[in-house]
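Take a look at the structures below.
Here come two complexes built around subunit A, the first alongside subunit B, the second alongside subunit C.
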Partner chain A sequence: MMKENDKKVGVYICYCGGNISDHVDVEAVRNRVEKMPGVAVAKTNMFMCSDPGQELIIDDLKSGKIDRVVVASCAPSLHETTFRGAIERAGANPFIYEHANIREQVSWVHHGDPATDKATVLISAAAAKARKLKPLEPIRVDAKKHAVVIGGGIAGIKSALEIARNGIEVAIIEKTGSLGGNLNNLGRLAPSGENASDILQEILGKVKAAPSITIHTGCEVTDVQGYVGNFTLDVKGRTDSFKIDTGAIVMATGSVSYQPFEGEFGFGTYPQVITLPTLIEALKQSKYQTETGWFEFGGKPVRNIAMIHCVGSRQIPGIHEPRENGQLNEYCSRTCCSAVLNAANQIKERFAKTRVVDMYRDIRTYGRGQEALYDRASANKVVFMRYEADAMPTVEKSSTPDFPLTVKIKDGLTFNEEMDVPADLVVLATGIEPSDVSGLASAMKLPVGTDRFLLEVHPKLRPVEFPVAGVFLAGTCQAPMDAGEACNAAGAAAAKTCALLSKGVIELDPFVAEVNPDKCQGHGNCVDACIKEGALKLVDVQRGGKTVTQAQVTAAMCLGCGACAAVCPEKAIDLNGWALEQYEDMVDAIVAA
Partner chain B sequence: MSTIDLNFEEELKTFCENTALACFNCGTCTAVCPLVNDNFPRKMIRYIQVGAKDAILENANELYKCLHCGLCTHTCPRQADPGEIILGLKRFVVANWRRS
Partner chain C sequence: MSSKANKILILATETCAYPGADSVGQAHSSYPANTYILRVKAPVLFPESFYIDCFKKGISGIIVMSCGEECPYEGAYKALADRLNSVYQKMKALNLDLKRLRLTAICTVCNRAFLNEINQMNELVNKLGPPQPA
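On to the complex of A and B.
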């Protein structure tokens, strides 16, 4: 124990330009800390993260005044890596570092003497832990220069192309018989008016010309094992099953269009009530113009079309009827407003005689160049009506022989008067629902939101990443988005995949469990407690000429949770960087302060 | 309750240059109108958009309160020309008054 008490801890306390020093008496803290056991140096600086601040640490390390470092400043999520980097530049091991957060946990929430006292306590605990820190080496795992993209829609294809362009082999696994996903169902894309099929043809040509992309259509991933850099996927084809070894996985499992239930706005009851995808398909199949000048559907001229927004989106508990599984789609599907107006414009510009009534709850053609769709629709004499969620339009059989259907609407734009809209065709702007990947998500331990879309770690700090290392996501499996946005997300996921795999080696934080072979008796309690399958197992090893059973950690898979350390009766397993004796010293220091 | 008639927009063309469908229901015309009538002239423009012919004839007396000062046309952000449309509606009403 004496040896550890020889450790020379340097404590560096930050003013954060007043953020901390306005509430914490930083110099008083420094005076108290200086007298603490093991503290060799205690210094303050206006900004520890600045170059002069970092130089303080580097100089003291180089001159041998200190061999352990504590910085008391902001949250470690912001600058822990900054200070580890400074220590590395001084030629020392970056893991002899401990952080005390005296901004978010002190100066931003406490004031006056209690703030100064709490800062002192946190720093004394950090200094006590620092004395017990040992140098660690990052875990290096070999990474296979190969990626699997699950889903062959536009997001999947685009990320596969980008990954392949960077010299990494890619396999695309697509559930259906062909690539292209939902783009196969779209016609002219908003706002540019390009044909989805032209874009798809161009991009599929590139995929076929790329030798490093393998395509598996009609295949599903049934299970995923392994860890970052070394995954194994079980893939089930129509006739055979096989395995793929890969370094990283991109989830691009996409979405489907909401299917209205029987009777929702007359869907399924009247053949003249159709969904937006059905209309888009009809527009694709239709002649550019007709002799009558009307748009024709099912061989019949269409004089009036009513289009109803927000079908299967923005549903409100208590107003909308949930699905059998209790599901309500409370989110906005975002793309339908533009899609409806895009279809309305195509109709009006090709079949001028056909009248379009657009019934919205709210309308927003978000995105660059898309507001013009509304202006165009207005110029094309589309009539807009507005309904409220608690007074939805109803679709009924018409009481007159002129039209098959009547849409009854309480129109907010006509001062909430009840209106009867005669219609030949009613189009429901159905929203976006994520493809059902619940089985795969639970097998891979991927987080899923209550809206059933997959969840990234953080939209700004770690976009398109999952908490499971080596797994990324792209496209509408994450949220409703249009084809352009799906491609953006695909590019981001591809860039992160390439950055991860390009070196062939991945460095992971060394904060994982380690077994002390002198103490381990092979009870196996730790294996039972372990929450990560494959991270901990019992193996037979040779010790002193005898075969004994002991626990063994697969460092790359260990999550560093410490569940094993808590249950070991021999205290034979511990967590690097967060060891039990470090905690004990921290508690002692807190009590003493 | 009215049944909307989307052909009315065509019908009105014989009485004025019909720009009613350029309107996006912002209400600026009503806000600047010196008459203190509720929602005039916006309500009339809206009735044209949806083809609520009966509602226009029922409320025709409102049209004759208009002073034709031109403030609505001057301030309309969509160049829907409400003043001209109100004038056209008067002609329409005269042509259709008690016809049925």
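On to the complex of A and C.
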């Protein structure tokens, strides 16, 4: 076996067409790097990511001049995979590669000699790490060509349909008695005006006709064991419990509408104060038009409706009252503005005599075709009033017999004039809260944000993925979104599920913990420190004719966080590709400069 | 080469703080060059001894830029916070100023917070000079 001192590191420094070389003296860096221990080759190129740049690496690898590669260029998020690919094309193992970020973290933030010096140090540290890199093989595990979608709302249904369309069996697990989720509660959808029930009927017809989709309603997942490609779910039905073996899981657990607390804008105190979902249901149930020309609610004509935005959303500590659990919804629920205006337009267009007063903090009708709802509401003579977060409208019993309620508001659109708006009905534009899946998230080690929505790894680099391999997310369990966006996310989650399972075999990143059997004494500190149950365990093995206890990694389950490496007194376990000892060498290179 | 003194080591998580540092670069916001960012999957990898050794080797300040409560490795952030508490105990015993080690959360677009952390640490290490563990 070659020692690290024998390693031949090739260092390739990019000019980035001046992005780097305008501030870093690239040739001076090359001259210094060339003399560093272990560096066999140091070259520069105008664009290392170009074909001629990559050819430099390929030629040097093929000729045996080098066996480790460092490219100093832009951020690794842009071209790390490019250069790993070049190494692979040279017939070498792609994991003998280390990246030095001298554009975003040097030339774009430092200038002159300090930039040149820092670039040199970062390359020196990268070369030190590269000398201890070893070829790694992707972890291959068999994968069951089956997916489970948890949640049977629009996101779950769309995910299941797309996955099934690609020849993979799917089970949908829905805790209520029927599929459709929140779409069941919606009427005409903004901005197109399509009927939610028509869309649902069409899509449910496809689900029921798909032979490879199994539907389990009235069921909840109580536990998840296993790892990517090979999960086992414990499912509890109303009368029985059963297990499902699956290769991947899509979390589409959805959201619920915010329920105002007793007395919030008069909710629960006055029967004429209702939530937006209640209004939508009333509009669905109502005749298209009434003879009187008024919208009717509870059998009574509604002359004035006041609609209050941002109820249960964009809450501010110190201003809004937290729930019993201390929770404040500081996020914008994104969909309520359009939904309120959509409802206001329906009322004005169907029941012309009913007056609508829209009380908002800000209006965010984002998305294609949605700003038109605002224009339409203005044309429909909806009256807009604007309030500030620290001076919210109050709902009181009217002092006159004409109307049951009065909404008091300081209207920013009329220079903070204080208005008393008489109302027959007050509608609270309640926001979106994630369904409570804390138990399942905790069992599956899924990250949850402080806002209680589930967190993907990264919105741009790894959207709809969890750090737990083989688990994806879709729809409003992730963030407030409308039905269209939920379908987009569902498509993305389905595509990733299919890409993962289609071959029947999964290749995983090899950046997982590895035990050195020569050093492991079986203390078990690593097992205690491991944050992923089942990834590390102590096992009895035969060594030198004796039975000894040692730690064993289940590579497919290891998250690669390295918590184990920190606690081993023998340094017998480390993280492949990101080893503690490599970091120690990098620090040495930094302090030596 | 630049001064050997007052080097700041930054351990930046690959999903949050490291792209956060790239975002600062994309904004061309300048900060002191005595800062060396190491990309880590999760800083829970580092034992107490790693931090103490860094100070012994001459690193003047360390900023652990984590993902905070939004850590993609459920449970790792708490383990990290506990770890750093015991590093602080060790630093106390070695008469090292505890402010030389700082745990913070930096998101992918937290440019201002990133710059604040660096400028504060730089001010501190310039005042304190290189560490001299007892």
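Operating definition for what follows: the second predicted complex is superposed on the first by the 491 of 593 C-alpha atoms of A that agree within 3 Å, B and C clash if a C-alpha of one lies under 4 Å from a C-alpha of the other, contacts with A are read in each partner's own complex, and residues count from 1 in each chain.
The definition used in the following text is that contacts are C-beta pairs under 8 Å (C-beta built on N, C-alpha and C of every residue); 3 or more make two chains touch, one makes a residue touch a chain.
Just so it is clear, the model here is predicted, and its values are computed rather than measured.
J.: Going by the contact rule set out at the top, does A:Ala379 touch subunit B (first), subunit C (second), both, or neither?
T.: It touches subunit B, and subunit C stays clear.
J.: Looking at the overlay, what does A:Ala495 touch: subunit B (first), subunit C (second), both, or neither?
T.: A:Ala495 sits against neither subunit B nor subunit C.
J.: Just to be sure I read the superposition right, which of the two partners does A:Asp420 touch: subunit B = first, subunit C = second, or both, or neither?
T.: After superposing on A, A:Asp420 lies in contact with subunit B but is clear of subunit C.
J.: Would you sort A:Ala469 into first (subunit B), second (subunit C), both or neither based on which partner it touches?
T.: After superposing on A, A:Ala469 lies clear of both subunit B and subunit C.
J.: For A:Asn304, is the partner it touches subunit B (first), subunit C (second), both, or none of the two (neither)?
T.: It touches subunit B, and subunit C stays clear.
J.: For the three-chain arrangement built by superposition, which of subunit B and subunit C touches the greater number of subunit A residues?
T.: For subunit A, the partner with the higher number of touched residues is C.
J.: Where on subunit A do the contacts from subunit B and from subunit C line up?
T.: No residue sits in both footprints.
J.: Which residues of subunit B touch subunit A in the complex?
T.: 1-4, 6, 9, 21-22, 24-25, 39, 43, 46-47, 49-50, 52, 55, 78
J.: Tell me, which parts of subunit A touch subunit C in their complex?
T.: Spelled out, the residues of subunit A in touch with subunit C are 75-77, 101, 103-106, 108-111, 113-115, 117-118, 120-122, 125, 442, 445-447, 449-450, 455, 457-458, 461, 466-467, 511, 529, 531, 559-563, 565-567, 575, 578, 580, 583-584, 586-588, 590-591, 593.
J.: Report the residues of subunit A in contact with subunit B in the complex, numbered from low to high.
T.: Per the stated touch rule, the residues are 304, 355, 357, 378-379, 381, 383-385, 411, 413-415, 417-422.
J.: Okay, in this complex, where on subunit C does subunit A touch?
T.: Subunit C residues touching subunit A: 1-2, 4, 7, 9, 15, 19, 21-22, 24-26, 28-31, 33, 36-42, 44-47, 50, 53-54, 57-59, 69-76, 79, 83, 108.
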